[in-house]
Amino acid sequence: KTYRIGISNGFVGSEWRTQMLDGIREVVEEYKKAGTNVELVIQSADVDVQGQIQQIRNLINAKVDGIIINPNSQTGLNQVIREATDAGIKVVVVDQEVSAPTAVNVAIDQRAWAKDKMDWLAKALGGKGNVVVINGIDGHPANEAREAGIADSLKNYPNIKVLNTANGDWDHAKAQQVLSSILASQPNIDGIFTQDGMGQGVLRALIAAKPRKMPVVSGEAYVGYMKLWSEIKKSYPDFRSYGLANPPGVGASGLRVVMNLIQGKQLKDGVLKGPYNNTIYVPIPARVDDSTLAKTLADLLAKKKADTYTMDGYLTQAQANAYFK
Amino acid sequence: MTLLRRLLAQPYALALILLILGLVVTALFQPAFFTPRTFANNLRTYLPLILLAVGQTVVVLGGGIDLSLGAILTLSSVVMVQAFGLEPDPGPLRTFGGVALGLLVGTLAGAVNGFCVAYLRLQPIIATFATSFIWGGLALWVLPQPGGNVPTVLQDFVRVYFLVPFSLWAVLTILLAWAWFLGTRWARALYAVGGNPQAAFTSGISVERTRLGAYAAAGLLTGLGAFFLTADIATGDPLIGGPLTLASVVAVVIGGTRLSGGAGGIVGSILGAVAYYLLKNVVALSVFNFNLSPQWQTLIDGTVIVLALAAPGLLRLVRRQP
Amino acid sequence: MTPPANPLPTLLRTPPMIAVGLAVVLLLLGELVRPGFADYGQVTNILRIAAFLGIVAIGQTLVILSGGEGIDLSVGAVVTLGAIVIYRFTGGSDALLLPALLIALGVGFLIGLVNGVGIAWVKIPPLVMTLGMMGVVKGLILVYTGGRPQGATPPVMKSIISDPWILGIPGDVFIWVILGVGVTLLLQRTAYGKALYAIGANRTTARLSGVRVERMLILTYALSGMFSALGGFVLLGYLQNVFINLGDPYTLPTIAAVVVGGTALAGGTGGYAGTMAGALVLTLVSSLLITLGLPEFGRQITYGLILLVLLAVYGRERRLRG
Amino acid sequence: MSETLLLQALRVSKRYGATVALQEASFGLRAGEVHALLGANGSGKSTLAKVVAGAVAPDGGEIRLGGQAVRFRSPLEARAAGIAVVYQELSLVEDLSVQDNLWLGHEPPARFGRVDARAARARTEALLGLFEDVAGPRFAPGTPVGELPPDERQLVEILKAVSLEPRVLVLDEATASLDGRQVDRLFRLVGEWKARGWGIVIVTHRMEEIFRVADRATVLRNGQVVGEVRIGETSREELIGLISGEASRALHSAEAGALAPAWRTSPLLRLRVRRGRKLRELELALYAGEILGLGGLHGQGQSELLLSLFGALPGQDLSLWLEGQPRRFRHPSDAMQAGLAYVPGDRNREGLLAARSILENFLLPSWKSYHRGPLLDLGQARRAALEVGEKLRLKFGALDDRVTSLSGGNAQKVVLGKWLLRAPRVLLLDDPTKGIDVGAKAEFYQLLAELRAQGMGVVFYSSDDDELLSLCDRVLVLLEGRVAAELSHAELTRDRLIRASLGVKEVVSGEP
């Protein structure tokens, strides 16, 4: 039997999304080698919520067995997801969590992810200092979860003072400009927390500002970021940074989960967590810090990864099976 | 034959053709599209844009444009969600009060836009761009992150059928209201103000009040759109409306309404909104039917939309040279 | 007729001067609330950020001056495309920068040319033509990059654009000023500029006085595309990095900058000096809002309100009653 | 005489910036009289009319209606008080039908906010009936106003005011684009309205019209009232003296037909139309040093003929020779390069860049000749503009002032002057003296004579028969897109002109 898996990707054009689709294709090949035929039906374009609803309806009409969605809204797709599951289609939502009760979300725990990063930053500052936070887009679920994670962490570090929180819209240019403005009027910044997709803008703003002492930056796990990071280390040897992967491989992990669901396996009790109790939190696969920077970067460059490549990883079949009875 | 000819002479002829084209191609690629359930579901998805496009049409007819309708939709939607509260059945007061409050907020936001344009005489494009920040900011303040709940009565309400799906009734109601409106003095004032504000002024029409009314009506229609959207997705999202703004302008233009005001109507915009979605869908379907790389979809999409927008002009070029 | 007794006050009352005055007030206000806001470093920083907006707004200024509801919503997408073309084509090689820049400018010019043809010949309203083109260009970018913008920034771009030339002022500010002088000369002291104002003021008169209106329009939109691509070049020098939505945040603010600078959206009056001042004012406002550390919703609402006030100060339309 | 006046304007003032449009201007209108407002261009007639109509807020002064002081905050209030105005700039919405335009703002109401379409229709037809036989077949309730020719639009505008059944009717140059028969009809109706007790204010520059309909006249000069006269007790000369402030001078100073017929040998410009918009088979030859008049009723193809000559109406089937060489003008700039110049009939819509300066309006067609290197030599351009301004006796503040700061007649001089900068060989004029006061007209005629003496060829359409009679060396009378008659200067009489216009065969001397 050939399994047909629909993919609804509501935004294209970032390396992250391309990596996500590549990961899914890799796992498809893996299934094929193991004798399970999987056919992908990809709907991938820059669309709004209505457009994505249409994409998913097309997949329902194409009578796929399962659908993997990277959603454009946390709540806007609930109705169409219900249509899909009513039609007997298994729906897995990756990267971000949706509230639809009949879907299974496969994502990293964004809140824990942000707490991990802020914890690292606080420790690197010895538990005290002035910090600037550059967030993504207000009102966006991942952003809200991450803000909560930051707050979780800061509860344990009362001497860390957040001087300013600004939004960089997950856009390097915006982040660079926003931070430039802050740097110009705030001379005493010890640390900077940034979400991913903005780290390079943050570093360039720092480079341009030429501070006497570089703040500690909790950054991102992109090749381009690591390049800049090692660059800065040349002139500021005690510059410290940290990158935590937000893996595009959640797509591939999602494929394994949806395949298991299609094959009739049942999730173990207690696997589903999260605000809507419908999320499988997959482990964060990779991180990089000052001690591992040189080697990590060398490895990635040896694989000819572009600046826009981010550190990645996805569930193995065994790991995926472990969620199921 | 004469009926056909008269139809083709209408400003919305093009939207109609595109719509039929979209339906035919969809029927070829995806017969399942026309099962009553899918069809009804799709119409419900289209309804918010249809309402926004109708609202945009009213503003455009009066010589303006409103780039904040998407933000108003969001604001109105999150206000409703917050008013409903979290219980699945909050009782009639909160349910209907919430809807009324959302509609009121939409209307007020539209009226503020109208005030800026009509009384402060700010240039519409840029003034409504500015107010879109205000409505968007307020929406974030009302509902900082997606969530909330919509009473089940309302969710069920937008899914009912009385022989035909609810959304069709909604559209029919709007068309009837429009037909009545066209016979009124306000309609003449609206078209006159859009066509030649100076002439309207010297004819004793209150240009300011007409413009204000147009914007407020657009706000109300957008509030209705917010209601349908909210009831459909059954929860709130403070970023949901944004992309609908420019789509509403595209729908209006495809529908044959003149962007500089004074000529056109909502029939075209309704057809235009549906045609807009159908065309996008046809492109999406072709991409996977012909195994094109998904990267092409955005390009083809964009090209199709440009051609649809160009079509009235091309048609005019052809018509003018006999 | 008696000549004005003292020419200085009238000069001070011109829109660019009002905007410059506003900029100074904002700067002082910032210094008052946040000491350090008016520091040399911060001022140069604001200048450089204003430079991007200002450079991208060159094309927007020309297009708006050309009248007929002229507007270019594709500037943001073309900025991105220009940056990506240079990024990919040079692959980081300084030697290839010049040809890459020329290619990028050429591509921008061509895209603008298509806009111009659609607007001048097919008579598509500029708003929707360029909106459609925005979609097409985004599609082109995706097809061109395959979803992975690979390449690198030539190191020399950093020294030209990001590094200070003299007095700690970065290169892009100088580039902006040079372009500003050039564009102002183009508008005030060339036959092109005179014809541009003429078609903006009255197309029929211009045509009957021998101006080739269609050609002028096509050329102007093409120039807008070219200047947008140039904006992409400068932005790339600052970011040294591309991504798919690079230019998007600039589209609507360029219009705001033009209007705040006193150029009427109706066309035919205004100039680039105003736009430069407008870009400065808008950048100052954003910067001030960031430094104040308001929550996002408050920032958005305040930005919207300030923009409205700026528009009310001198972006207003003529009264209907004399 | 303690008769209460129907309408009174008392010491009304209005300034636009530094310009004084009205300075304590007063006048009174009686019921059942036709009162003319006269004055040179920019003397404040339109502004006074607009103040009365509530369309312009005066800076000072008072309006009294039936002895009561009133304050109109909008045209709506003035209308409600029974004052209807036919504006100089038309106030019609082109996309709306004739009927919707007529009733705009005062539609007959039905229930639920709707318009009583049937009543509106019936009353529209009655109103259109007043002019039916002097208008074309498209002059009907359902026609979009944008599709009507200018004269019929003017009629709609008049009827729109009449539909209000006003007590006071103001006609601001309402006859400017009407032809003779339409004017006759209008004046007959004015007589009827007068008999019904309406007070009628009429603004016109045509002396002949004043003596036909007006009972009294108030003359404005520079915003001030300089005299009020009974028409029956005054003379043409006296009126002109009042208007211009000088003794009357010869109006038509070009000496038509004075040049030797030698120029007849080879035409400067020759045109043969086979078919075109509004034009049918037609031939035209223009000789150097000749003023060729185009006559006929309104809208017989005169404007189209001029536009065709100037390359501004593409898609016509015609051939054109300039000095014997076949030419093809695809765009006005082609014609311009070949030495033609065109002064349009509607200066606000086709002749001026309202938002730009006097300088830029002057130089629009000739910027390219002021290049010094890559940039323009503004100094040289300025000098050239000043020179032409002086030659035309232009009254202006500074070259950099907006062209809208000029009064109508002076603006018209700019429209003409911009072509003089290019020293054209052929001048095409589409009713260039419309709405220009007598003094300015005289200057214009003088200029025309000078240009002719320099060997320029002029094609001149005028809606004013007097101009054709006194200025032209030859007149082609157009009728339905054809030349109905060619009248040489010697043959030109008013009678012949009118007969030819109406298509009365007997005097036809040219080939149709």
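Of note:
Per-chain numbering from 1; labels A, B, C and D assigned in written order.
As a working rule, a residue touches a chain if its C-beta (ideal position, glycine included) is under 8 Å from a C-beta of that chain, and two chains touch if they have at least 3 such contacts.
Labels paired with UniProt names: B = Ribose import permease protein RbsC; C = Autoinducer 2 import system permease protein LsrC; D = Ribose import ATP-binding protein RbsA.
This is a predicted model, so every value here is computed, not measured.
Path length between chain A and chain C in the touching-chain graph (shortest route): 1.
Among the remaining chains, the Cα-based centre furthest from that of chain C is the centre of D. Looking at which two chains touch through the most C-beta pairs, you get B-C. With each centre defined as the average position of its C-alpha atoms, the distance from chain B to chain C rounds to 30 Å.
For this pair, chain A with chain D, the centres built from the Cα atoms lie 72 Å apart. In this assembly, the C-alpha centroid of chain C lies 43 Å from the C-alpha centroid of chain D. Residue positions 12-13, 46, 138 of chain A are each in touch with at least two other chains. Multi-chain contact residues of chain D (touching two or more other chains): 55, 74.
For chain C, residues touching at least two other chains, in rising order: 138, 142, 146-147, 264, 296-297, 321.
A complete list of chain pairs in contact reads A-B, A-C, B-C, B-D, C-D. Listing the residues of chain A that touch chain C in their complex gives 12-15, 17-18, 46, 138, 163-167, 169, 171-174, 176-178, 180-187, 200-201, 204, 208-209, 224, 306-308.
The touching residues of chain B, when paired with chain A in their complex, are 30, 32-33, 38, 41-42, 45-46, 48-49, 139-140, 143-147, 232-240, 242-244, 247, 277, 280-281, 284-285, 287-288, 294-295, 297-298, 301.
Listing the residues of chain B that touch chain D in their complex gives 180, 183-186, 188-189, 191-192, 195-196, 198-206, 262-263, 321.
Interface residues of chain B facing chain C in the complex, by the touch rule stated above, are 65, 67, 116, 120-123, 125-127, 129-134, 136-138, 140-141, 144, 197-198, 201, 207, 246, 249-250, 253, 259-260, 293, 295-303, 305-306, 309-310, 312-314, 316-317. On chain C, the positions that touch chain B within their shared complex are 69, 71, 118, 121-125, 127-129, 131-140, 142-143, 146-147, 252, 255-256, 259, 264-265, 296-301, 303-305, 307-308, 311-312, 315-321.
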